[in-house]
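Notes for the one structure printed next.
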Amino acid sequence: MTDHEQVTPILEMRQISKVYGNGVYANQQVSLSVNRGEIHALVGENGAGKSTLMKILFGMEKPDQGEIVLEGKTVTFRSPQDAIARGIGMVHQHFKLVDSLSVTENVTMGYEPVKRGFIDRKTAKEKVSKIAELFELQDELDTATGKLPVGIKQKVEIIKALYRGAQILILDEPTAVLTPQETEELFDQLMKLKSRGYTVIFISHKLREVKQISNRISIMRQGKMIDTVDTDGITEQEISSRMVGTNYSKNLAKKAAEPKEVLLQVKNLTAVGMNKKEVVNNVSFSVRAGEITGIAGVEGNGQNELIQMITGLRKIDRGSVCIMGRDTGKLSIQELRELGMSYIPSDRMEDGLAVSMSIGENLISTKLKDRRLYRHHLLSKKKIRDMANQLVRDYRIKCDSQETPVSMLSGGNMQKVVVAREFTQQARLIIAEQPTRGIDVGAAKFIHEELIRLRDENCAVLLVTADLEELYQLSDNILVMYDGRFSAYFPNPDQVSETELGNYMLGVKIQSETEIGRGCHEEEKPAI
Amino acid sequence: MGQILEIIFTADFLHSIIRLSTPILFATMAALISERAGVINIGIEGTMLFASLMGVVGSAFTGNVWLGVLCAVVSGIAFSGLLSFFHLKLETDIVLTGIALNLMSSGLTIFILYILTGDKGVSTQLASKAVPNINIPLIQDIPVLGSILSGHSVLTYLAFFLVIALAIFLKKTKLGTYIRAVGENSDSVETAGISVNMVRLKALLISGAISGLGGAFMSMAYVNMFTKDMVAGRGFIALAAEAMGRGVPGLSMLSALFFGMADALSNNLQLFNMPSELTRLMPYAFTIVALGIYAAREQRKSKA
Amino acid sequence: MKKKNLLFSSATTVLAITISLVIALVIILCVSEQPGQAVTALLLGPLRSTRLIGSIFTTAIPICFTGLAVCLMFQASMFNMCAEGSFFLGALAAAAFATKVPLPGILGLAGPMLVGAAAGALLCLVPAWLKAKLNASEMVASLMLNYIALYLGLYVLNTYLRDQSFGALASEKLPDSSKLDKIIPGTSIHSGIFLAIFFIVLCFLLLYKTSLGHKIRTYGQNPRFTKYAGIKVGSVIILSQVLGGAIAGIGGSVEVMGMYERFQWTSLPGYGWDGVILAILARNKPQYVPLAAIFLSYLRVGASTMASNTDVPKELITVIQAIMIMLITATALLKGMKQKMVIKEALSSGTDS
Amino acid sequence: GCQSKSEPAPQETNGAAADDTKKEDAGEAAKPEESKAPEEGKDLPKIACLLNGNLGDKSFFDSANAGMKLIKDELGCETNVIEMGFDNTVWETTLYEVSDQDYDIIIVGTYQMQEVLEKVALEYPDKKYIIFDSAVSYDKEDYSNVYSISFKQNEASYLAGALAAMIAADDSLPLSNGEKMISVVAAMDIPVLNDFIVGYIQGAEDTVPGTKVAVSYIGDFNDTAKAKDLAKAQFNLGSSVAFNVAAQAGLGMIEAAAQNERYAIGVDADQAMALKETQPDQSKVIVTSVLKNIDQVLLLSVKRHIEGTLPYGKEEALGMEENAVGLAVNEVYDGIATADMKSKVEELQGKIQAGEIKVPSAFEMSEDEISQMKSSVAP
């Protein structure tokens, strides 16, 4: 922390309050002060109000109270334009790029040089490439962003912000989708920017990173700003306890797995994507009752397609999937679920829930065959209510009643609704995709414990996650996926270090067929 | 049957295809521009109808064709301005608003006509002007081609010119690029510092202006009068044409021509006393079939 | 929260209706020589005689059916506009069956209605199938199909059903056994009204008390989730629309059997579009459909009394309706107010979320 | 279009802005009567006329409306015209409403009102009803209080057909190609309109055997654009004269004629005169028009009612003698038709009136006979 002399706050947010249309009180008199040229971390549970605060700073949401002071002047942002004009740039957790447009077009969008009414592509490219050099991206300028890997997309987002003359750069959970290596690279670049006098605000759930990169940390809890502290003066443990409000440990009680019969058997599975490329390429493995198999990998290496084929959301192009020994090729999703499969999707808002419907209605959506919900052949409000309330209690879903629309819950609680439904299906095979993405420590821990409980009750669990910490905590064995294939299989997580794992995730290293073949567990127990 | 073929390969027939396609082409381009901005404008039908009345009224009161056309365009813009206001400002559902506007238009036009002339059917009371047909100097002398391509209404040539103009506009201009971007991923545009609503508004207004031209063509060129509900579903066919053209101006133009062809065919089949009801449903039936085939193809693509 | 939403949606509705009526008055004042008469005719005309009061209900019956049909489809967010065509074909099919296969007693009523339902369902099956199997836009398809239904219907009417001895294009007279009897003397209210009520209840139960209804509503809210939840998406898409079509078809049969001597429409009667208006007024909730229907037909009857007694054409009403729909769907209409209320509450109630 | 409520009553075709023309030929027609103006003191009937459509159709209903005006102006009766619109469901209600009031005569028109009237008339035996262009079924019930008028449009159409055929066969005429082909653009395939077509075809065949007649139906009464498309197709095929048997829609046909430089035959009102001011170029190609003077007929009927000579309880079919139908003879006609064409037309007219020529009527023909007739002359 070299530059302690320049502590003039470049930005101050004073007494900011924000209430969303659905009544959620997301920010409550929040104050934040950021110094020029510092990397300022913003941490907090889900729904703590971090993104909201930043969306307000970026002019995407209007504060109901409070003021923003930028370099001493009070400013009001009616839209992102205003914020951008005042030198604020934001990189969103979910990238905001137009896939069909080239890098240049995306970067210059809204600020294109114009000649005779037409866009002046040449000048545009020149301007962009100046900034792109910083990130060694000059050569990609004409490629459509849709084709780029996640890591690069993020760079494009940063370039986009800088092109617009951002002095203050907001990054919302930038590392959630990055490998350790990519994260390192990102941090180097952030340091570069810092040294050039840029100010960075950095949102993350990963406290270790926060410790590593930031100068100061602001901690939010339930819409309130708890404190802002110097990074040196505080430990991860302290941060998390102040985030959650209570002091508790993350480590889980977990006894060794006792794998039994194979419940999920995948053989030579292949998915052909657009432009005829094999997005999943001849993949074989199996998951046994009583074990948690983790699949690691950078997003977009085929995990998603793999899961979609296993869960029946995508048709199988080649190969086979057997659940409980039955080939699922011909089965409908309904039949799969009846076979005993349940699935926590990575995108809860899109796949896991009908957010505008009530919690209760969401909970029964997969249980409509359950006669206990009916009274003389008609769905009974009362019986649904009882059942829903039961689950709301069991899974500690924070809400005023089971009639509240799901859209009014925070990410974490939305996820709990999904989990509550999926874990009460009497399923034998549980497929959990990013089960705690963007979910606070408390909720995450709860879900982890549930997964382990089910494992011990002899379920087979297939876990796909980009969060290595989670992967290590839960998995009994690990498969690494790279470019549609498995690049490694580890019968035991302790065998491999995070950096090592990172190498396999990036395809720097790849195991031999036979090593990977062990993932099928044939020698141990044949599939029924 | 032989006779039918004879007719189909006459210059007259091909000439009529172009004539019949023109209003659909206008509507299709109107649908295209708004669709690319991510708003499906089913109000085109009503917008055209309203514009076609206003064109007649305008030209009748000013006594000048072009002022009439202008009047149609302006009212087209006004109508889609209304749509934009409700959809973008008051956040109504675009489809429902479109339907509402169509219903409104078919009543409002009769209402206005009645107030102005005491008639509810035709605008013959109003001495409106017709947009002139023009012969293109060189082309008209080419033997067959001349009689096919020449001698159309000014607006017809404008329609085909519009196709090229739109293609360039979408590809090369700022607004065009924004429109494509908004259609594909609106919130990236918003966060890039462009007001999505502004882009959509502009797209819708352009769409309205084009519909206005289409309306003007209906009542000042296709025929020289306004009659109630005279757009007769062309605004709807356009939606199909746009879809089948995948939002690409050139392809959309082709599907518009295809429907014009179906229309021309149905007019001629009647002459060999084929049941009029059946011939009249042909263009619509073609549309459905084409739509199905198109969708099937798209799906196979996405599956692969 | 839930209650507040209800409050605001009903407030929006009331506001919308008031605004559009005010607009109506303004227009009348602008165009009419005898505005006073016109306004009174519009607002009170329908109450002038029992016969007119009766016709409020007879106008409400057909649009109740199409309204319900559209509710079903819109609940699944299927923008299928075929209610129009289904109603038309339903009426035609019913008339065809009634005239070609005259059945005695209750069969004389049930038979044609079932055939009408089938015809309506069949028509809606096309866009539904295209959507489910090929993912083609059901809306565009249905818009085309309305015309196909019309011309196909006219062809059948003209070639197979028409009454040679009758001057206009119309079917044979319906046999008395296939006519719904008038239930209130001095008015043309017919027993179809009971059917309407029956179907309102039926649709309510279907949507809110059965698993199919739940599936339909879920699909309407989030198709991807429906698929994920293991619900057969195709069947939901198809059933919602086919049922809608069937109801519209029955509506058509009821209308022709209750109000007409014979089938004699030679263009689409427009009840399907009324259905859309109704569904919007009722916010896709079957239980509100009757109210909306009565309201709408009161306006209609008012409009035609106004038209026949004053110089204001009744097309005025279509303009008003349109404005009404748009305002009602204008979620943002009271947003500002709602937002303020929400904020006040939240800020006062302190923490939450 | 979205919301087109029900169907326009089958309007026997239509003419353009005909009001002024109507008045003037009304004038002529009225002249003979004017001498014996209504005797004062004699209490005049109060008359209501219900139109199951809308005014402004430039033909049927406008003509009836004009008739009511005449009745008011010339006979001094108290009259009221009520537009009921196209929504069939309100007609019955309205007819009841009106019957309850103190009108002496209630006038309705078209086949669509027939059955409604048959129902209501029985319940109000002491009211008098006149239905024009249709007839209640006297054989079924006692309708002694209803007088029915139907028109012999087929007779006038016969002359039109004869004239058209002669023109089409004579390529010395500037706009005729001598290919012996004529055509009809009709609104709908319904008896009332087919009655025109049948007469037209018969007239053509009798005069110039082997003449081809192309018949196209629009499908409704207001789609001028479609009418124009169909007419253009006919002209492209070689038709020299097109007959307008479509309501407003027919105007599109006349446009096509002017554009493709062929002849047109108007209908109902004298369309050549009607379009003279607004569309001179179109007026020039309208050889003649098949007139149908509803206004005259209504005036006459009410007069006879006052005189007590109106035969209630029976149907009268009015043709050329009664000046109910006829061909429009005007300067355009004189300009185009050659001398022997005119004399031929007059000769035929005489024969029809003398009953020597029996013009077939669509009302007496079966569906098959009609379509057979059409296909026998189809190009």
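The chains carry the letters A, B, C and D, assigned in the order they are written, with residues numbered from 1 in each.
Heads up, the rule we're going with is that a contact is a pair of C-beta atoms (placed from the backbone, for glycine too) under 8 Å apart; a residue touches a chain by one contact, two chains touch by 3 or more.
Because the structure is a prediction, the values reported are computed rather than measured.
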From the C-alpha centres, identify the chain that is farthest from chain A. D
So which one's got more C-beta contacts, C-D or A-C? A-C
Centre-to-centre distance between chain D and chain C (centres being mean Cα positions), rounded to whole Å: 37
Per the centroid of Cα atoms for each chain, what is the distance between chain A and chain D, given in Å? 77
Take the average of all CA coordinates in chain A, do the same for chain B, and state the distance between these two points in whole angstrom. 45
Among all residues of chain B, which ones touch two or more of the remaining chains? 99, 103, 106-107, 114, 120, 233, 277, 280
Can you list every residue of chain C that touches 2 or more other chains, as numbers and ranges? 151, 154, 158, 273, 318, 335
Which parts of chain A, given as residue numbers and ranges, touch two or more other chains? none
Set of all touching chain pairs, with the criterion as stated earlier: A-B, A-C, B-C, B-D, C-D
Of all residues in chain B, which touch chain C in the complex? 42, 86, 89-93, 95-97, 99-101, 103-104, 106-108, 110-111, 114-115, 120, 233, 236-237, 239-240, 243, 275, 277-278, 280-281, 284-285, 287-288, 291-292, 294-296, 298-299
Chain C residues touching chain B in their complex are 31, 79, 81, 126, 130, 134-137, 139-141, 143-145, 147-148, 150-152, 154-155, 158-159, 273, 276-277, 280, 313, 315-319, 321-323, 325-327, 329-333, 335
Contacting residues of chain C [partner chain A, same complex]: 1-2, 205, 208-211, 213-215, 217-218, 221-222, 224-232, 335, 338-339, 342-343, 345-347, 349-353
Which positions of chain C touch chain D when the two form their complex? 49, 51-52, 54-55, 58-59, 151, 154, 158, 162, 164, 166-169, 188, 259-262, 264-270, 273-274, 304, 307-308, 314, 318
Applying the document's contact rule, which stretches of chain D touch chain C when the two form their complex? 2-7, 9-10, 82-85, 87-90, 92-94, 96-97, 110-112, 114-115, 134, 188-192, 219-220, 363, 366-367
